[in-house]
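Here's the structure, in structure tokens; my notes come after.
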Amino acid sequence: MDMLELRGIDKVYRSRGKPPVHAVRALDMMVEKGEIVALLGSSGCGKTSTLRMIAGFEDVSAGSIALGGRRIHELPPARRKVAMAFEGYSLYPPLTVRENIAFALKSAQLPRGEVTRRVDAIARLVEIEDILDSYPRAISGGQQQRVSLARALVRDADLYLLDEPMGQLEPQLRAVLRGRIKSLLAERGMTAIFVTHDQTEASALADRIAVMEGGVLQQFASEKELKSRPANLFVASFIGEPPMNLLDVEVTRSDGGFRLSVSSDMSFTIGGTGLDRAVEQVLSATPQVRIGIRPQKITVGTGDVRVKVISNQWLGDQSHIAGDCGGRMLIAVTPGRVAARPGGIVPFALEPRHLHIFGPDGVCIRHAEVS
Amino acid sequence: MARLEIKSVSKTFGAARPADGLSLAVEPGEIVAVFGPSGSGKTVLLRMIAGMFEPDDGDILVGGRSVIGAPPERRGIGMAFQNFALFPHMTARDNIASGLRAKGGSDVAGRVAAISRLLKIEHVLGHAPRELSNGQKQRTALARALVGNPDVLLLDDPLRNVDAKLRYEMRLELPNLLRRGAAAVLYVTQDYREAMAIADRIAVLIDGRLAQVATPADIYAQPASVAVARLFGDPTINLAEVTPVAEHGALSAVIAGAKMRLGAGDGAAPGPCWLGVRPEDLAISSVSGEDAIPARILAITPMHEKAVLLLRLSDGTEWLAALPPDAPLGAADDAVFVRFAPEAAMLFDRATGLRIGPSHRLKAA
Amino acid sequence: MEHSSLAGRIFRGAALTLILLFFMFPIVWIFLMSFQTNEQILRIPPRILFEPTLSNYEALISGQLRTAAGNLQISFMRNLFNSVVLSSAAVLLALLLGVPAAYAFARFKFKLGETIAFTLLSFRFAPPLLVLLPLSLYYQELGLNDTYFGIVWVYQLIALPLILWIVRGYFEDISPDIEHAYRLAGHSWREAFTHIAVPLAGPGIAAAGLLSFIFCWNNFVFALILASADKQPVTVGALAFVTASGIQYGQIAAAIVLSVTPTLLLALYAQRYLVEGLSLGAVKG
């Protein structure tokens, strides 16, 4: 069942003397009960406006929001049954950490023993047991963020909204806390939406990721699908660390299939049999398309693409090799170490089955085969 | 071409001691990353070298000549700041040229043009800083630091305020740019990946002291202490409290009921230790065995093309495993068995935190 | 936030009009008075419509005050000139002394720094009359009584603390890294001060200068006691309008209009500059 339904949401900010800003356009999104969804995008993409409309801090300019079957977009925030963790934490300064976390539980008039039990449990989860009696100003930014998370997660709500929930966390704690919070949300069947600009965080926590840009939802899918089947150029170049290598190619016919030439000494042949009709149509109609290949799909050390190494960086668990190939930069990522010095020549293998092809309008017309 | 030498430099601010007997030498053309958690004294060190304040103790030499007491403008130093610190009332061009003009250099326009071409900001040279994007601001700030070919280049977390994509691009470009003028480069960062990607050597600064100075690969494979080991690696290294026992010249330790063979140490039992195993060195399977730690999967969090598993060992300890995406994973709540190769284990003395014995953890090609 | 409802907009307009009327009324009324004769002004009920006359301005400029009891000599134009000279010189001197001092207080932590800064501010707390009694004795000894320099000096009590404290705040808002960057580019601290700190704090310096100009312009007591007729500013000179045969409201109104004009012009000019300066932005981060 859909827990949250956003239908035709528009948000226009009007201020006098300036052209109106269309922050969110015709957004449709269904979130299932128990699902964790990330709103991912760079600043100004409309993700925060969307979250604030669901929370009730912004009016919708058009469209409707329903939560658990109730229309909520005309209700005040307090009556929507949503819990929120704010990006700026917004802890109550005169209250201790414990009182901050217990605040909503106390106003819901839960028995005292229950409040203590719940606060202690969530405090253990985010590792703030030792600062429960401190005041917000006395603790570090990372600790404040964990308190703010605890204050939201401790509540009973239909929906949990988290604005950049982990940006300030200490790096050593981040991976563990992601796991624990994901496990808590799953165990309790909590539905959560969080905003982030960090795709590592989005893919670690979320079941599905909504990629936004220019107020428009670009793709709403699982992390795996975003990577293997990006809807368009934007998603392809935004998702993935490092992002997908993109190359312009000339399309020519070659015995039944197509030849995609990057340069005179680098080309790929695809097709013949098994090529989709729609792909064939686009390729026959356009002389130039763009192809993409994930850095992880490039094999280093074999192959017929010879690149001049720009940099070879070993990060402890993987190597990133950037190479120049006729003025274009290709980045390859391999798990092991590679003996290549800047300036040297290294072969790269790019297999046609790993290529994504993007039509002239940026829409992906053919995805790489899933190996 | 000058060597930067820092000799037992100390500095105290009230109760804080951000520099406590620091010694470090940077060769011309070398990039040394100063890496450490926030508040460990990285910025203070850079500022002492730049001459914004003087150390209480010790000496700083550029090209063999002490610069203590010399004003910043006469130390031959170029610097890029975390907050860019561009002159807001000057165009990008004037920002970059200010140093050349002050020194009365010739062909100012030509040199500004050359460095801007290298940093790809030629098209915004006429803009004021407020009209630039963060990435362009950072490039302008870098151009300003580089254009005078200083003897010493100081970079104070220059990629902190640019977005992930630009940061990645700059990470690839920077080493070549920085090496161009054969300056001695100190590069402060809070991101261990950035340090590993850019630097020839990394100086790990913890609480005003250098915990380790070594190449990126050495620091990752042979951290000097448990504190250093925890700073490198994402996810962080897994730790367990163990007291290894020696049998037939080999060490082993009991972790959550399982007896694990350890490759670290010299065969003698070292007393109470921290055992450290990197998440990518753990293997997961559904097959039990005497050499496997029983665990339960709490959550799976994909990360950097890998699957990161949060595991709860049977004694309640939480460990993280980072597996290749095509490895068989299981699902949350599955019971699994965790193994690691003896040589993947590192041992750290529980009292001092220092690593024990030679590491054999030199995997990969 | 959007305020799009019609009722809201009407209410806002009405409220703004009321507030504007409330604050502008005295100024408009005085402006109108300055074109009326004493009889017209004292008429009850007052009228909005009248035959305007320039006689008040004529009297001020020619220095001939016509009263019921005959003509009086006044030196209003001389007073106005004194006001301009005294206030400008005082503000200039205070800027020369105060801006470097403010920079020192903002950038360097030195012994007794805060104490000195506060002491300078505390001069503003002292009742001027208490300061003046001993001061007038000293001034007589030193021969500073009734000199432009003497008055400009004593005006520093007004202008200097104001400039020091306002400009200090602006200097503190500039990231020291910007100056550090300029020094590393090969400039001395003096160049960093004149080429980076002062231009970036420009709006603040202008605001502080303008405020202290207004305070100096409006000062009454210092000049009343320390200056004789030919050094008096308008504030003191205005006393001449209270004559034996009554108060010359028309001429007072004209005098007010004339003496407000320089400050108003300065404020309007500086306002444009202030806005320009403040939108410079990018000083932080």
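Worth pointing out:
Every chain is named by a letter (A, B and C) in the order it is written, and numbering of its residues begins at 1.
The rule we apply is simple: a residue touches a chain if its C-beta (ideal position, glycine included) is under 8 Å from a C-beta of that chain, and two chains touch if they have at least 3 such contacts.
As the structure is a prediction and not an experimental result, all values here were calculated from the model.
Farthest from chain B in terms of Cα centroid separation is C. Of the two chain pairs considered here, A-B and B-C, the higher C-beta contact count falls to A-B.
We define each chain's centre as the mean of its Cα atoms; on that basis chain B and chain C are separated by 56 Å.
Separating the centre of chain A from that of chain B, both taken as means of CA atoms, is a distance of 26 Å. None of the residues of chain C touches two or more other chains. Looking at the complex, you find that chain A touches chain B at residues 42, 171-172, 174-176, 178-180, 182-183, 186, 197-200, 203-205, 223-224, 240-243, 296, 310-311, 313-318, 320, 322, 331, 333, 335-339, 342, 371. The residues of chain B lying in touch with chain A in their complex are 163-165, 168, 171-172, 175-176, 192-193, 196-198, 216-217, 220, 230-236, 278-280, 298-305, 308-310, 318, 320, 322, 324, 326, 332, 364-365. Within the complex, the chain B residues that touch chain C are 50, 52, 71-73, 75, 77-79, 81, 83-89, 98-99, 102-103, 128-130, 141, 144, 148, 161.
Residues 175-178, 180-189, 191, 196, 199-200, 280-285 of chain C touch chain B in their complex.
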